[in-house]
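Next come two complexes built around chain A: one with chain B, the other with chain C.
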Partner chain A sequence: MADSPNTRHWRVLIYIVLFLFFAGISLLSTLYLAKTFYPREYDPLEMALQSMPATPQPGKPWWKRVFDFDRVPTDSRGRQGKNDNGAQVDRVGTGHGAPASNLSEEQLALREIGEAQVILRSQSGISETEALRRMRKSGIQGPFKSFEEERLVSRLLLVKYLDDQSNHQVLTKLKESAERAAKDPHASFEEAYYAGIACLLAGENDKAFGYLNTAIDTWPSRGRGYGNVFLFLMVSHAIRGESDTVIQMLGELKATYPDWLYVETYMPDMDDLEAVYPEATMIPMIKGFMYTIVLNFGEAEKAHHRALEAGGLDGSARDFIREQLDAIRRERDR
Partner chain B sequence: MKNTSSYIDFSVLVDIISNVAGMMIMLACIALVVRQDRDGAEALEKATKPITYPLAYIPDKRSVTICLKNNQLYRLPERAGLETMITEASKGKAVHFVDITKDGVEMRLEVTPTATGYRFLYSILDEGGVPLDQSAKIADALRLMKKQFPPDRFFFVIHTWPEEVSAFVQIREFLHEEGVEVGWMPRTHDESDFDIMYSIGEYSTELSSIKAQ
Partner chain C sequence: MSQLLLCSWSSIMIFVFMVRKKYHWTVPSYRYILLFVFAGMNSTIPASLTNNFLGQHTDFYVFSGDRSESFIGFALGAGFGEEFYKLSSGLLVLLILGLFKARLRPVDRCLGMVTVGLAFATLENLLAYGGVGFWVMMTRGVLAVPLHATMSMIHGVAINKAYENGSLWPLFVGYWVSAILHTLYDTMSLFMPDIDPRLYLYPLVGLLLWWAWYEWAKLSEHPDTDSTDLTMQDAADA
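For the complex of A and B:
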């Protein structure tokens, strides 16, 4: 019996709905496959630097605020002075610029925004684009503005690189940004240091040497930061094959590098640099010395023997290593 | 005369599309399995050993500090302080410091003299933290912190005053079960102005060792 027109109408409608349903599933599955096997290459910092909206962005949409797990319960007494983070602001100290810096009020304000954003980013508090946007949203203007933005970008790239040190694309961008910041007239000891480290990790030791020398000459005080510059400058000398300088700096290491005791923290950096500069056989010599001063004689001997076997050392370096190995043997025999 | 009426048989179309959709669903499931395998392998590579002895090693992670004092658990309002600093500095003039109070902790955030970072100074108040005898609230607070600071990137450091050591043991056990690495700092009652102090980006002769930060 043939279908009535009404039944046929409903059947057609059902088929259309089923068609759309299955077509939708097909499309979503295709998109998911594409996203899995061909993930989008997206660098938010570059895109943020290329184009920024002229007007301030709106705050969080309402549906995000509703499901915001960090939301602070409303104070029923309606206390004054609480900001958006639920904190009671007791006092804000303003005035002249920071004592040891020669930054203007406006530049220091922009610097403060940037530094706070870097710390928040390292705690996964914000994204890179949001950090740059918030800095620009402040509206602070001046000849220092492009420098402070570049400084922020290089710090954010550093945080990104520290999160994933296998990402060479980020390292390249970090190096470029750090160098631009270091060459700016507003640059200070910190910019020289970060440019030096980035160039060192990127295999450009000659550039790194220049930046690290600038950093150590302009560093404001001794301490942990100075010690780090000293350590990496010593490695840079080692890569250049300057054994006498390296041996002299090793003699000053304990006095200059406060973290010499914490081998686990800095030895991975030495391993990374050894991988970047495999021909620099004085790096294993440095590692051997560092293991010796923390009495890890086993690792010290391995590192020293590796340096000797790799070859390429001059007489001073070979003599130094032999003295170290003799000293280890004497300690063991005691 | 035959009555010829023609109509499109949509059932054929639905058959074709449903077959295609079925194949796509199967491929999507395979992609999901491949992705989970890859993530699982990566997670295994990044797995670190649990801390069994304090100060035995320094994990390659960032730290999150909580305090046990006055029979309460306190979170440090680091983020709130930084956000307040951003808000105030965005007004266009330099800010030397901000003082805030949140969840029983007074915080002073100061710019370092070289303008390269901040000093974080905290005082624990008598009230405002999460009472240690309310275990459900404690568990909720710790789980929230774990969500905000994932264990693969952060470890917790618990500053513990003498009266709260037994609570610390329980909290550490709870965090270990949640897969969080835990370090601790035993504290004493002293007369200093601030209970917790550290700096980020400060270059000073006083900060000569890793523990100073």
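For the complex of A and C:
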């Protein structure tokens, strides 16, 4: 006898429950087996990148970030000043390290892939682990491979840190990675520079001083990259309280640092370092000088006064600041 | 607002077209339709979590450089995963309505399941593809959204078969068929990288739409039993 519609109705409801149960269990079991037998292979570099909290994305609610798994390109915020591209050299020279011209074709190819991933990270928002994965998928092998990977990781961490400078965990990992890269036999002037920057940001000026000196000694040629090293080395001297050296370097600033005119690009970096080293009252003095050479007398005076009021300056620094303030007054009176 | 429209134009058109084609004497129960919409939107959450899980914890990541890993990632995530969540969310609505003794006609069940698929596709557009260009969204409206609708139509047909025969197997068949077709849609480009995907995706979606249209047309607005609409006699009198 055929089932009544009512009976059939209830039977179908039971079948729905059975389907949901069995199909659901099968799917979850498959996912579990996939994770057990084909787990994602993370190595220490990927683990270091994975263990950090996600970069907060202002304006994007958490429920929308659930859907971001390297699919959605986003435009990251950027400051010009953060783009300290130490690799820009005006001409190829010989340094104590390994300038780009000395790299093998394979290493150059791997490095280009790495640089592309850094750009994709900062412009298109791919994840750090995806960037590293893509570099590894290139299949290029050689004794330089682990160095290039470490180099990529330190660059990615720098980009991540610049996106969210409140993330101290990232800064710690950045410093560790940059130092490992700088100590590698394949390291060059660039790695020393980035290690110096990372140590400077992390509050370890003594280490930064060593790295930045190595960088400036081995930099192949003058230009924007050299100028950046010069700038941060000057700040390192300022933090150490070496006023005579700082004053001398300020005198050479315009000749050495091509971007001196674009104060809006590097002043945020000075602000960041002033926040890390509040006791280094020569940093406001440097800022005051930089504002003076671009004729922003208002900001220059504020910075110089701040340096004087904070105290801790020696005689040479105070005299220098007074000379600067007098010069500003004379300019204004003209 | 324009972004919302860009993400939903195709879903709205498909829904309106289906209703106008079928519901001449009756109207669908919009309370139930809302439940299906809600279910479809909710199904995007486990789908996204599954895709994230695959990408972070397994080698089967859709953007993996390895073709076979990518294929399995699509199959598990997009194919079997998404289709399960869409089908199960629709089934849950039917289960709840069934427990409250709400009787839906086959045409209502199909419309409900397609609504789940359309809601899923719309939310996917908004959340995962919001911000991409105008023409990308138009293309998704022509390809991806109808694909989700036709997959859900398969679910609807399977559910109707289950109700008609009082059996379980149509649900599994419908699930597998939709999962395999969805996987095929997502992975064909992996195995034919040199061929413009439009050359095979448009015909595939076109074929599926034709089939779905045929099945929709076959359904009667007036089955012989259980609904709140007009009886045959009332319809004749009207």
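Rule of thumb we're sticking to: the second predicted complex is superposed on the first by the 234 of 334 C-alpha atoms of A that agree within 3 Å, B and C clash if a C-alpha of one lies under 4 Å from a C-alpha of the other, contacts with A are read in each partner's own complex, and residues count from 1 in each chain.
Simple rule for what comes next: contacts are C-beta pairs under 8 Å (C-beta built on N, C-alpha and C of every residue); 3 or more make two chains touch, one makes a residue touch a chain.
Quick caveat: nothing in here was measured; it's all calculated off a predicted structure.
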item: Touching partner for A:A327 - first (chain B), second (chain C), both, neither; value: neither
item: Which superposed partner A:I119 touches (first chain B, second chain C, both, neither); value: first
item: Chain B versus chain C as contact partner of A:A255, first or second or both or neither; value: neither
item: Chain B versus chain C as contact partner of A:L18, first or second or both or neither; value: both
item: Partner chain(s) touched by A:G223 [first = chain B, second = chain C, both, neither]; value: first
item: First (chain B), second (chain C), both or neither touched by A:E130; value: second
item: Greater residue coverage of chain A in the superposed arrangement, chain B or chain C; value: B
item: Which of chain B and chain C A:P5 touches, first, second, both or neither; value: second
item: Touching both chain B and chain C, residues of chain A; value: 8, 11-12, 15-16, 18-19, 23, 30, 69-70, 134, 137
item: Residues of chain B touching chain A in the complex; value: 7-8, 10-11, 13-14, 17-18, 20-21, 24-25, 27-28, 31-32, 34-35, 57-58, 60, 62, 77-103, 106-107, 111-118, 144, 147-149, 153, 200-201, 203-210, 212-213
item: Chain A residues touching chain C - in the complex, by the definition given at the top; value: 3, 5, 7-9, 11-13, 15-20, 23-24, 27, 30-31, 34-35, 38-41, 64, 66-74, 130, 133-134, 137
item: Partner chain B, residues of chain A touching it in the complex; value: 8, 11-12, 15-16, 18-19, 22-23, 25-26, 28-30, 32-33, 36-37, 69-70, 83-101, 103, 105-106, 108-113, 115-117, 119-120, 122-125, 134, 137-140, 163, 188, 190, 219-226, 258-259, 262, 264-265, 268
item: Contacting residues of chain C [partner chain A, same complex]; value: 44-45, 48-61, 63-66, 72, 76, 80-81, 84, 88, 91-92, 94-95, 98-99, 103, 124, 127-132, 162-163, 166-168, 171-172, 175, 225-226
